[in-house]
Amino acid sequence: MTDTKETGNESTTSGDIRIGVYVCHCGLNIAGSVDCKDVADFAATIPHVVLSKDYRYACSDQGQELIKNDIRENKLNRVVVASCSPRLHEPTFRRACEEAGLNKYLFEMANIREHCSWVHLYDKEAATEKAKDLVKMAVAKAALLEPQTESEVPVTRKALVIGGGVAGIQAALDLGDTGYQVYLVEKEPSIGGRMAQIDKTFPTMDCSICILAPKMSDAGRHPNIELSTNSEVVDVKGYIGNFKVKVLKKPRYVTKDCTACGDCAKVCPVTVPNEFDVGLATRHAIYTPFAQAVPATYVVDRNLCLNKENIIFCDKCIKACERKTIDFDMKPETLELDVGTIIVATGADVYDPAALVDYGYTRFPNVITSLEFERLINAGGPSSGHLIRPSDMQVPESVAFIQCVGSRSERGMLYCSNVCCMNTIKDSLLIKEHWPETKIYVFYVDIRAYGKGFEDLYKRARKEGVLFVRGLPAEVVEERKTRNLWLIGENTLQKEVYKTNVGMVILSVGIEPRRDSDVIQRLLTLSRTPDGFFMEAHPKLRPVDAPTRGVFLAGCAESPKDIKDSVTQASAAAARASILMAQGKVTAEAITSKLIEENCTGCGLCAKVCPYNAISIDKERKKAEFIEAACAGCGTCSAECPFNAIEMRHFTDEQILGQIDAAAEQDANKKIVAFCCNWCAYAGADFAGVSRMQYPPNVRIIRTMCSGRMAPKFVEHAFAKGAAAVLVAGCHLGDCHYINANYQTQKRMERLWKKMEKLGLNKARLQLAWINASEGERLASKVKEMQSIVESVTSEEIEKSKKMVEKAG
Amino acid sequence: MEELEHPYEKFLRRGRIPHIWCEGCGNGIILSCFAQALNDLNMDLDKVVVVSGIGCIGRVSGYTNTDSYHTTHGRPIAFATGVKLANPELKVVVISGDGDLFAIGGNHFIHAARRNMDLQVICANNFVYGMTGGQHGPTTPLDAWTTTTPYGNIEHTFNLVHLAAACGAVYVARWTALHVRRLTESIKKALQKEGFSFIEVVSPCPELFGRYNRMETGIKMMQWFKEVSEVRHFSDPAKAEITPQKIVVGEFVDIEKPSYSRLLKEMAEKAKTQEQ
Amino acid sequence: MPVRTWRKPLDAEKIKVPKGEVHIIKNRCKGCGFCIEFCPKEVLEESEELNERGVHPPKVKDESRCALCSFCTAVCPDFAIFTVEKNCEGGC
Amino acid sequence: MDEGKVGLSSRRFMMGDIACVEGAIAAGCRFFAGYPITPATEIAEGMARRLPQVGGVYIQMEDEIGSMAAIIGASYAGVKSMTATSGPGFSLMMENIGLAVMTETPCVVVNVMRGGPSTGQPTMPGQQDVMQARWGSHGDYEIIALAPSSVQEMFDLTVEAFNLSETYRVPVMVLADEIVGHMWERVKIPPTQSIEVVNRKKPTASTKDYAPFKPDDDLVPPMGFFGEGYNFHATGLTHDERGHPQTESAEAQQKLVQRLCDKIRKNSDKILRVEKTTLEDAEVAVVAYGIVARASLSAVVKARAAGIKAGLLRLVTLWPFPDKEVAKVARKVKAVVVPEMNCGQIVREVERAAKETSVFFLSKLGEEPHKPSEILEAIRRTQK
């Protein structure tokens, strides 16, 4: 068992330590439930604190000025601000310190808003006490802080755009036009995405493909854009400015010389419903997805094709191809790309309404989805633009749109899919345009026509006689003979039941996250919001940045949006990426691990656990060797080292132990000491705060970059200091921001539990939780759950554990 | 049904089918692919001569509805050389076995290839001497069992495509009897090529090779081809192995080089002007 | 594009895929079974009957599956099987 | 093939091997496949020079096996073809000489005989291959062999050989020897048009009905060429008239092999040629061939001068063997002398034909043939 004496304090800075503490009111956000004055007064009593103030808005210019002046006038060499989450304003205050000539790593924050005032709204006393603790912990750490220097790394002036929908195309074109080399990677055989499937766009009613096709071909032949269709990103290594990306380019089995004459498809004996036409038309095993596809080159679907392995059973297409462009021996290639920035524009899927049994989709032929509608109404579509009932190929006299299918409902997705209302209004007008006599009903919950020109379109639809009925039908019933459909439900405006008979029902289906989102999420260590879309770095201030530096989001991958918003966001993402590439360099991680040579025995444990292979062992010298540039700063090596031979910059053992001591100073036996990783658990706690989720005030969260930093000795130290319980929380396994460092966390936890068992301690006092940035609820409930444990722990038990843990150490 | 004629009938000598080859033998497939190739190229059968040597596949010349000659053991290439030089209009195709072409006839093969004689040589490689009852030959895999290698074969094999390439063939390919489409395409390519082309067809002999080597049926041998064959076009023929675990197939050589006939013609022109 | 495709395509009638008609010259068959084994559409199976050579020639299991790829024709060492395009005027 | 310049100045001093070349060209030979070997090499060299001039093809094969195969191929493609060799090469050719016999292929094989067995004496003359020429290939068959004894005959008999092979669809051998081959003499080459050249019979049947091995009354089948649309098959296996293999039928074997022999035997009167000198009243006859016949002639002349009634029977055709002629002579004389440059080969045939008449064999091996004196001595001895 270790305690601070043994590890020694040699690493703290010499000379007297002068800390300034600033307690922020954040208007009433903090002051509402925390007595900031009281906290400030308390702070003044903590050793090394030479000055302590409370202030209305510390982040305001005046606030920052105040701090700067104090640094200068009072020779402060450490600054602690107790306010919001460091994930929000740490950069702000760090800058202020720097401007005042103080190394920004000598600044520390106490998160008394997200982690305190917002989650203990109704217990000012407890909240204030907790705030004091948090400040005390911050000061403890601050006293041990050391200046750090940030080195600069170059940014490769090339970008990767994942996804060739309209967002990806726009981003690629913008970057290409700016003069950067762009790799546009698309999973499907053609770029174009969902927009290519849509007939007209709202509110302007342009032909969708007509405005998209030119962009597609621009992207196709842009000198700066290297297009890879039928391709998938399979591996991403490296860091901002220096990503190493592997792209698997699946073979088309047709060479570039293909003239897209289509002779091959004519003779292909295999047919299957065409995905592009949502199964309303047929394609062959060799095909081109749609007329305007880019590239136009045909592609063979080897899963369907009769030719398996390297045996050619059927050679019809080969024979039919005059230019001899079909080559079944094409092999998949792996492209290795060096890029500085990555734009994720992977798009979305459409909701499958078969789940909503009452609406009869897949049971009744004349119930179609809005996407099927787009193909039907499209002049190039399977019915050459005739809106026909699949049952009898007749134009229906009446149709009904059902809104929010899969959206805003417990039975589908909770969120609003954003585009369905306007899409339906557009569709209704298209019907009116071609078949003015058609009776059109729209069953809705609310009509959301919030965008530019949307309301006009809505009005037009009403004027044209489209009937808007509030209240979704409870069920759709088919009339056997006519295959017509009855919609039964309640008109919630007129408070009366309706029973409407139509020839065709169109389900206005919602947008859902791509079912394979987890792949990109893992590769780029992204987070997802509860609705499953990729999470932005900040919902307001960094809406197109991903949490991972150098990665940006565009289009429906981030949230459901219409074409205009997708294009807007794409250009924004391109601009953000351009900034990095224009600068050509970026400051590298200063928070890295450092070897203390004299302690190192060259045992190699650190090298084993390093996710970045940044550590190698010099067999002769029996010493570890660090490749600093490759280190990402998770600190799992430091946690693993049995000889205290690795110091984790800015998260040293002493600093963390200091925070534990501070947290445990009073009524440790009632407290939970929590170690949260910066990217998931800590952010999750922030999210709980933002969502004002209330939970017991007795948890003290210590931030580490990764849960992998959590050394067993920290937990033992917490128990030795009498803590009632300890919580360790990190990213979900597989989601680790540091590839797989959190697997080490799990191993260490298991060892600790075993040890506790051996010592006859209640294992339940040590808890492990995987919490991602959007799972505030999970964190809140975890703390609640642990509350009961805390209460059950007797003082004898605490004493026992103190001794035993110490002995064991 | 029966009144319909088999599409390849016109390429087969009337009344000679069924042929003498065993159940599951690949020779018939080679003949069938050859017929398909003639058909696709719409060749004038009167201008095609099929020459074969001795061995099971040697009988092939008797089944093609063209001028054909069934020579002595190992000599088809030498005979074909005479035919081709005597009447350059003729497409002279040699179809014979591995033993015929590469053991007893090896000398003729390497020299015809060296001369870039305008011949198409198709070799049915079944790893043994079939006609005489399954003795080992120049292509019998190491350790394989045959009637004359009762303790396993201790002779290393010829890599036929490597040999052909080294000797200067302008077109060299190897397929198995299961790769019928590709084989047909290769035969077509060869027929249109000027100079010496060589196609090796790894062909099942369940009766006399398979049975001794745990592949009693044609299907088992063809399954083996299917599982282990690997297309590697224009890879180094020296590395184009045939082992139980891997059969490298594909086109290995496709180059242009003046053929013997062409050079002969040019030389004759010279000679005429230099008469005494 | 992961989409549910459950309908009979509207153009299902229009798309004409040539249908095969299998012809077997039974008495030429030596029973190697290549045609049965390697038919990519599993159209054939071994028949019960014995031919003149005392082997079981293949018989058609499900001709509607035949895609007219003619692999059987090419792979048959005995010129005993071939396919022709089915006349589908009367529908198939 | 297009006719180039064929006829040369009517009289010329040349080497035997070259006379052979000119004879072949004159006879219409337009394909030569061979392999260098002493003392026949000059024929290959001559062909390499002359054939291109007359639109023919010379190819030097990888060995004599290939050479023989190639001339069979060329012949089937419709071109008169020939090869030339000596003992060792002749042995290699035996395999495909059998094939030529079996597939009734017109072609000419020149063997400029040297001292054997095996490599023997490459630069020395010999007559040791005459039996091999007859029996060398396996199986039963008949061939034709001619033995030139002068440079003029190297020309004439080469022409003759082609004519015979074309007539009977059989390989014909010119059994020269090193001396005749390398000897220089004046040769009279008649103008092209006056040289009688025979070409093989062409089928009269339609291409469809053509049976490549169906003989006419002379037992010789007309011959179609590859590329003329007959699409026929030929094989070294026993075959029927259509050329299809008949590997089990005794009848087919009987019919085919018998005919292959009969087409020569039954036509031997038309084939055979001998030359008689002072045999009318002779009591002693010398039977000789090739270069030895030259010495024999002067021996006979000397004998006559010495009052011995001697005569010479020179065998121009060695195979089929002129039994009748020999028997006729033997019946009239008391003794027959047979000088040969071997240990006794043709002498066996002579003895067989001569019946009771006593036959004296005079062997000579090595660098030179019998001297006239030696043969005269032998003639004298028969008188005692």
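Going by the order they are written in, the chains are A, B, C and D; count residues from 1 in each one.
What we mean here is this: contacts are C-beta pairs under 8 Å (C-beta built on N, C-alpha and C of every residue); 3 or more make two chains touch, one makes a residue touch a chain.
As the structure is a prediction and not an experimental result, all values here were calculated from the model.
Taking the mean of all protein C-alpha atoms as the reference point, the chain centroid lying nearest to it belongs to B. Sorting all chain pairs by how many C-beta pairs they have in contact places B-D at the top.
Averaging C-alpha coordinates per chain places the centre of chain A 62 Å away from that of chain B. Centroids of chain B and chain D (each the mean of its C-alpha atoms) stand 37 Å apart.
Separation between the centroids of chain A and chain C, computed from CA atoms only, is 52 Å.
Chain C and chain D have Cα centroids separated by 62 Å. Shared interface positions of chain A, defined as residues touching 2 or more other chains, are 311, 313, 315.
Shown for chain C are the residues that touch two or more other chains, namely 38, 71. For chain B, residues that reach two or more other chains under the stated contact definition are 178, 180-181.
By the touch rule above, chain D contacts chain B in their complex via residues 4-5, 30-31, 33, 52-53, 55, 57, 59, 61-63, 65-67, 69-79, 81, 95-96, 98-99, 103, 225-237, 244-245. Across the complex, chain B is touched by residues 309-313, 315, 318, 329 of chain A. The part of chain C that touches chain B in the complex is made up of residues 23-25, 28, 30-34, 37-38, 53, 55, 71, 73-79, 82, 84.
Note for the complex: chain B touches chain A at residues 178-182, 226, 229-231, 233, 249-250. The touching residues of chain B, counted against chain C in their complex, run 1-2, 4, 6-9, 12, 17-19, 21-29, 31-33, 36, 178, 180-181, 184, 217-219, 222-223.
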